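In the two complexes that follow, subunit A is the common piece, with subunit B as its partner first and subunit C second.
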Partner chain A sequence: MRTLPLLALVAAAAALSLGVGVRPLSPGNVWQALTAFDATDADHVTLLALRLPRLAAGLVAGAALGIAGTMMQALTRNPLADPGLLGVNAGAACAIVAGGLMLGLRDEGAMAALAFPGAALASVAVFALGGGLRGDAGPVRLTLAGAALNALLLSVVSAILLIRQETLDVFRFWVAGSLTQAAERPLAGMALVVAAAGGLALAVAPAVEALSLGAALARGLGVRPGRVQAAALAVVALATGAAVTVAGPIAFLGLMVPPLARRLAGHALRAELLVSAAMGAAILLLADTAGRVLIAPAEVRAGVMTALIGGPVFILIARRIRPGAMA
Partner chain B sequence: MPRSSSRASLCRRSFLASAAASVLAAPALRAHQGGLRFTHAYGETVLPAPARRVVSLGYTGQDMLLALGLAPIAVRYWYGDHPFGVWPWAQPYLGDARPVLITGEVSLERVADLAPDLILAAGSGISRAEYEVLSRIAPVLMHDPRHSPYGTPWDVETRIVGRAIGRENLAEERIAGVHAAFAAARARHPDWAGRTAVAAYQDGGQTGAFAGEDTRARFLAALGFRPPEALGRLPLISGFYAQLSPEDLSPIDADLLIWISSLARAPDIAGLAMRRTLRAFAQGRELFVDELIAGALSFGSVLSLPFALKALEADIATALDGRPWTPVAPSVAAGIAP
Partner chain C sequence: MTRVAVLLAAVLGAAMLSLFWGPEMGFLWRGMWSGEGPAALTLRVIRGPRVAAGLGVGAVLGLSGALFQMLFRNPLAAPDLMGFTSGAGLAIVAAISLGLALPLPLVSAAGGLLAALLVAALSRHRHRPTPPLTLVLVGLGVGFTTSALGTFLMTRLPVQEAAEAQRWLTGSLAARGWDHVAQVWAIGIGLTLAAAAQMRPLAALELGPDLAAGLGIRAGRARAALASTAVLLAAAGVAVAGPLPFVALMAAPLGARLVQARTAAGRLAAAATTGAGIVVLADLAARAALPGIQLPVGVATGLLGAPYLLWLLAREMERGDL
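Presenting the complex of A and B:
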C-alpha cells in the first residue's frame, strides 16, 4: 500500500477545496480569517462559513461512500454495486423527503434520523431482491434489482414534488446531492457515525472475505453467513445514511472508488476499505471544487459532477463483466 | 344548455382540425365568420363570441377573470393553501362560485369534460403539442408573442382577457386603477426614483434574485427603483431570475433588498452567513416578505399588485429612511434583522 501518495492526494484535494472558488483568497486572507475572524468580511465568511464546512462534508460523505461502496462490492461480489445505483441513497433520500413532509419536520437533526432506517430498508430490500440472502447475488440480478428499486424510490420523491409544489427546493437537494448546505448539516455527529461504520467494516472484513469463497466454505471456516451479511449491511446503511444526511445522494462515487482502491491496496479488504475512504473523500472534494468554478458564478452540484465522471466508469466496468461471471 | 351547445361546437372544431386543411381552410372560414382574433405565441386564435365558460390554465389567470367579474369554471393550482386556488386578494370577487381545481399536470380529458368555450393558457407553460390538442376542445389563448411564457406584463394580459370575455372597458378601468395606485405611491416617495432595489430568494441552499420579465422585479420598477448594475451582468435563467454564487452575494447588495420568503424559511435567510457582509444588512435596508405578500408579488396580477403595494409601502419607506436603527417590522418578526 502506498500511503504517502494517497495522503498527498487527500491533502491536495483539501487545499484546492479551501483555496479555489468564485472569490479568490490569498494565504494572507486565510491566516487572518483563522486568527481574527470578522463576520462582515466576505473573504473570512467564504473561508470559515462556506469552504470549511464543505471541506468537512466532503471528507465525511466521501469517506462514507468509499467505505459503503467497497463493502457492497465485497459482500455482493458485484463490481457494479454502489449505494447510489442500488437504491440505498434513494432509500435514505426518500425516507427524508416523505417522512419529513408527512411529519411536518423542519429540524435537520430529526430529518437526518430518517436517513438511516431509509438506507437500511433499501439495502436489505435490494440485497434480498437480488438473491443475496441465498448467496447468489450475481452481478446482473443484483444490478437489475437495484436499478428497479432506485427508480421506484426516486419516483416516489418525484410524486411528492408533483403533489406539493412548494417542496421543489427540498427536492433539488435530495435528488442530486451537493455540499452547498454543509454548514446546516450535523457534520460532527455524522463523522462519528462514519467512524463507527468504518470500525465495524474493518472488524467484519475478514469474515466478508471468507464469505466470498462461498457460504459452505465460509461456514467451514467458522463464519456465520447471516451475521456477517447483517453486519456488512449495517455498515452500508450507516455509512450511506450519514453520507446522504451530509451531502444528499451522491451517485457513482461508491462505484468508482473501490476498483481504484483495489489497484493500490491489492485484494485485502481491510487495506481496500482504508484506501477507499481516503480516495472517496479526495474525489468528492475535487468534484465539488470543479463544480464550483465550471460555470461560475452558478455552481454544478457535486452529485451531478460525480455522475458525470461516474457514468463512463460504469460503462467501462459493465463492459468488462462477462456473462455468468461473478467478477 | 351551454354544455350541450359547446359540445356541438367541439365536434365542429375537431372536424375542422382533423380535416388537416386547417392551415388553408380555417382562416378563410374564420375571416368569413368575423369574431375576436388573438395573435399569440403559438399562432392565432379566433373566438366566435366573448367567452363565458373559461378554464384557466395559467397559474395566475383566475385573478384576471375574477377582477373582470367572471368566475372561471376551473382554476390551475399553483401553490398555497387557499380554497379553489384563489388567494385572499381575489377571494371577495369569487362570490359563490365553486371552480374546479386543476392540480399538477393538466389532464386534457378533465378539461374536455368541463366543456369550456375558452381555455386561458397564457402563463401555463403548456407545450405546443398540448396547445394543439387543447385547441380541439375549445379556443386556446397563449401568452403574448413578444414575451416569454411567464413574462407577459399584467396589464397586457388583463387587456387580452378583457377582450376575450367581452369586458374591455372594465379591464381598462381596472388597469388604470392599478397604474394610478403606483403613480400615487411614486408621488408620495420621490426619493425612491433611481435608487436600486432587488427581490431575492433563498431556497434549498441556493440564493437567487428576480430580474428581467419577473413580476417582482417589475413591481419594484413600477415604484421607481432600478436593479443593481452587478445583477444586470448575471445571466438570466428563463428570462426572470439569476442564481448567485454562495461566495459572492454582492449583486443583490442594493439600496433596498427584499427577501421573497415565508416564515417557515426565514431561518434559512437568517443562517446565510454571507448576507452579513452586505451593506444592505448592516444598514437595515432589508425587508422580509412573508408567504401571503410574497404570493401577491409572485402572482403580480391586477388584483394582487395593489394588495402587495398597500402591504409593503410603509415598510419599504422604513427600510429606506436612512436611519439604520429603525426596525423594519417584518424583518424583525422573521428574525433576520441585524
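Presenting the complex of A and C:
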C-alpha cells in the first residue's frame, strides 16, 4: 500500500479546500488564522466560519461514502453499487424530510437522527429486492432495483416538498448534495459515527470476504452469513446516514472510489476500506473546490460535480459487465 | 377487438371523470350544456386541454415503450430507463436557460435523439453484439448524468425560470393549452403512421435477427428506423409534459394483459390506449389525492411506476431471466 502518496493527496486536497475560493487565502494567511486568530480580519473569519467546517464536512462525508461504497460493492459483488444510485441516500433524505415534516422537527440534531433508520431501511430493502437474501444479487438486478427504489423515494420527497412549500427552505438542503451548509451540521457527532462505521467495517471485512466465496463455503469457514450481511448493511447505513446528514445525498462517490482504491490496495478488503476512506475524502474535497472555482462567484454543488465525473465512470463499468455475468 | 373497444371506452370514461372531477363537478357539468359562463370557460381553457394533452402524451409514451420492448425483446427496454426521456428533458431545460426561442418539440427531439445515439455508441462493442441489458445499464448511466446536468442548469436560473424548469423535469400537465394538444396529437399521429409502415420489419425482428434476415429484412437498418421512430415518439411526449417517469415502461405489458392482442399492431394499439389511460388517471390522482394541493403528474407516475418496476424485477428473477 502506498500510504505516503495517499496522505499527500488528502493533504493537498485539504489545502486547496482551505485556500481556494471566491476569496483566495494564502498559506501564510491560513496559518495566521489558525495560530493567531483576529476576529476583525475578514480572511480569518472566512476561514474559521466557512472553510474549516467545509473541510471537515468533506472529510467526514467523503470518507463515509468511500467506506459505504466499498462495503456495498464487496457485499453484493456488484461493481455498480453506490449508496446514491441504489437508493440509500434517498432513504436517508426521505426519512429526514418525511419524519421532520410529520414530527414538526426544527432541531438539526433530531432531524439528523432520522437519517440512520432511513438509510438502514433503504439498504435492507434494496439488498432484499435485488436478490441479496438468496445470495445472488446480480449487478443488473441490483442496479435496476436500486434505480426503482431511488425513483420511488425521490417521488415521495418531491411530493412532500411540493405539498408543504413553507418547509421547502428547511429541507431543500437535504435534497441537494453539497458542503455549503457544513457550519450548521453536527460535524463532530457524525465524525464519531463514521469512525464507528469504519471500525465495524474493518472488524467484519474478513467475514465479508469469506462470504464472497459463496454461502456454503463461508459457513464451512465458520462464518454466519446472516450476521455478516446484517453487520455489513449496518456499516452502509451508518456511513451513508452520516454522509447525508453533513452533506445531503451525494451520488457516484461510492461508485468511483472502490475501483481506484483496489488499484492501490490490492484485493484485501481491509486495506481497500482504509484507502477508500482517504480517497473518498480527497475526491469530495477536490470536487467541492473545483465547483467553487468553475463558475465563480457562483458555485456548482459538490453533488453535481461528483455526478458529472461519476456518470461516465458508471457507463465504463456497465460496458465491462459481460452478458454471461448478468444473472 | 371487443377488448380494445372496452379498453378505449374505459380510457375515455377516465378522461371524462378527470374533466369534471372536483368540488365544482355539478357546476362544470351544467356549464358544459349551457355552453356559456365561467364553467364552460374552465372546461374550455383549463380542463379540456389538460385532459386532451394527457391522453396524447400517454399514447405517444405508451407507443414508444411498446416499440422499444418489442424491438429489443426485453420488458426493461423503455425510453425512460434508457435515458432518452431525460436527454429530451435536459435539452428543453438547456434551451430555457440559454433563452433560445426554438420550438420545444424540435429541442426535445434533438435531445432525445442525441441521448439515444450516445447510448448506442457507448454500449457498442467491437467483437460482440450489444445485449439489451447493457443498453439499459448504459442508458441508466446516461440518464443519471443528464439529470445531474439538468439540476446544475436549474440552479443557475433565476427563481421564476427555475420553477418552470423544475416543472419540466418533474413532468407536469398544468397550464397546457390547445396548442400543446394540437402539437402532441399531430406529431403523434404522424409518427404512428410511420410506425404502422414498419409493421412488417418489426414483426420479423421480433422473431430474432437471423429469421429476419431470412425474410429479407436488413436488421440493422430496420432496427435503427424503428428505434428512431420510438425515440421521436417519446420526445413528442416530453415536449408537452416533461419526462414522465415509468409511463412508457408500464403501458405495453399492462395493455397486453388487458387486451391480449395477437398481432404487433394490436399490441401497439393496446399500449397507446393504456398509456393514455395511465397518464389521465395519474394526473387525476395527483390532483385529487390531497385537497387543495395539485401535485405534478410526474410525482404520481413515479410513485406508481417504481413498485411496478420492482415487481417486474421480482418476476424476472423468479423466472430466472435476470
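One rule holds for everything that comes next: the second predicted complex is superposed on the first by the 316 of 327 C-alpha atoms of A that agree within 3 Å, B and C clash if a C-alpha of one lies under 4 Å from a C-alpha of the other, contacts with A are read in each partner's own complex, and residues count from 1 in each chain.
Heads up, the rule we're going with is that a residue touches a chain if its C-beta (ideal position, glycine included) is under 8 Å from a C-beta of that chain, and two chains touch if they have at least 3 such contacts.
Nothing here was measured: the structure is a model prediction, and the numbers come from that model.
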**Item:** Joint occupancy of subunit A by subunit B and subunit C, clash or fit
**Value:** clash
**Asked** Which partner, once the models are overlaid, touches more of subunit A's residues, subunit C or subunit B?
**Response** C
**Request:** Check the residue A:L162 against both partner chains and state whether it touches subunit B (first), subunit C (second), both, or neither.
**Result:** both
**Message:** Going by the contact rule set out at the top, does A:L149 touch subunit B (first), subunit C (second), both, or neither?
**Reply:** second
**Asked** So, A:A298: does it touch subunit B (first), subunit C (second), both, or neither?
**Response** both
**Asked** Given the touch rule stated above, what does A:R141 touch, subunit B (first), subunit C (second), both, or neither?
**Response** second
**Asked** Now for A:L308: first (subunit B), second (subunit C), both, or neither, which partner does it touch?
**Response** second
**Prompt:** Which subunit A residues lie in the overlap of the subunit B contact set and the subunit C contact set?
**Reply:** 162-163, 298
**Request:** Over in the complex, which subunit A residues touch subunit B? Could you list them?
**Result:** 21-23, 39-42, 45-46, 49-50, 106, 162-163, 165-166, 168-170, 172-173, 178, 180-181, 183-184, 292, 296-299
**Request:** Mind listing the subunit A positions that touch subunit C in their complex?
**Result:** 80, 85, 129-131, 138, 140-141, 143-145, 147-149, 151-152, 154-156, 158-159, 162-163, 176, 251-252, 295, 298, 300-301, 303-304, 307-308, 310-312, 314-315, 318-319, 321, 323, 326-327
**Contacting residues of subunit B [partner subunit A, same complex]** = 77-80, 103-105, 203-206, 234-235, 243-248, 250, 264, 271, 273-274, 276-277, 282
**Asked** Which subunit C residues qualify as touching subunit A in the complex?
**Response** 76, 81, 122-123, 125, 128, 131, 133-134, 136-138, 140-142, 144-145, 148-149, 151-152, 155-156, 170, 245-246, 290, 293, 295-296, 298-299, 302-303, 305-307, 309-310, 313-314, 316-317, 320, 322
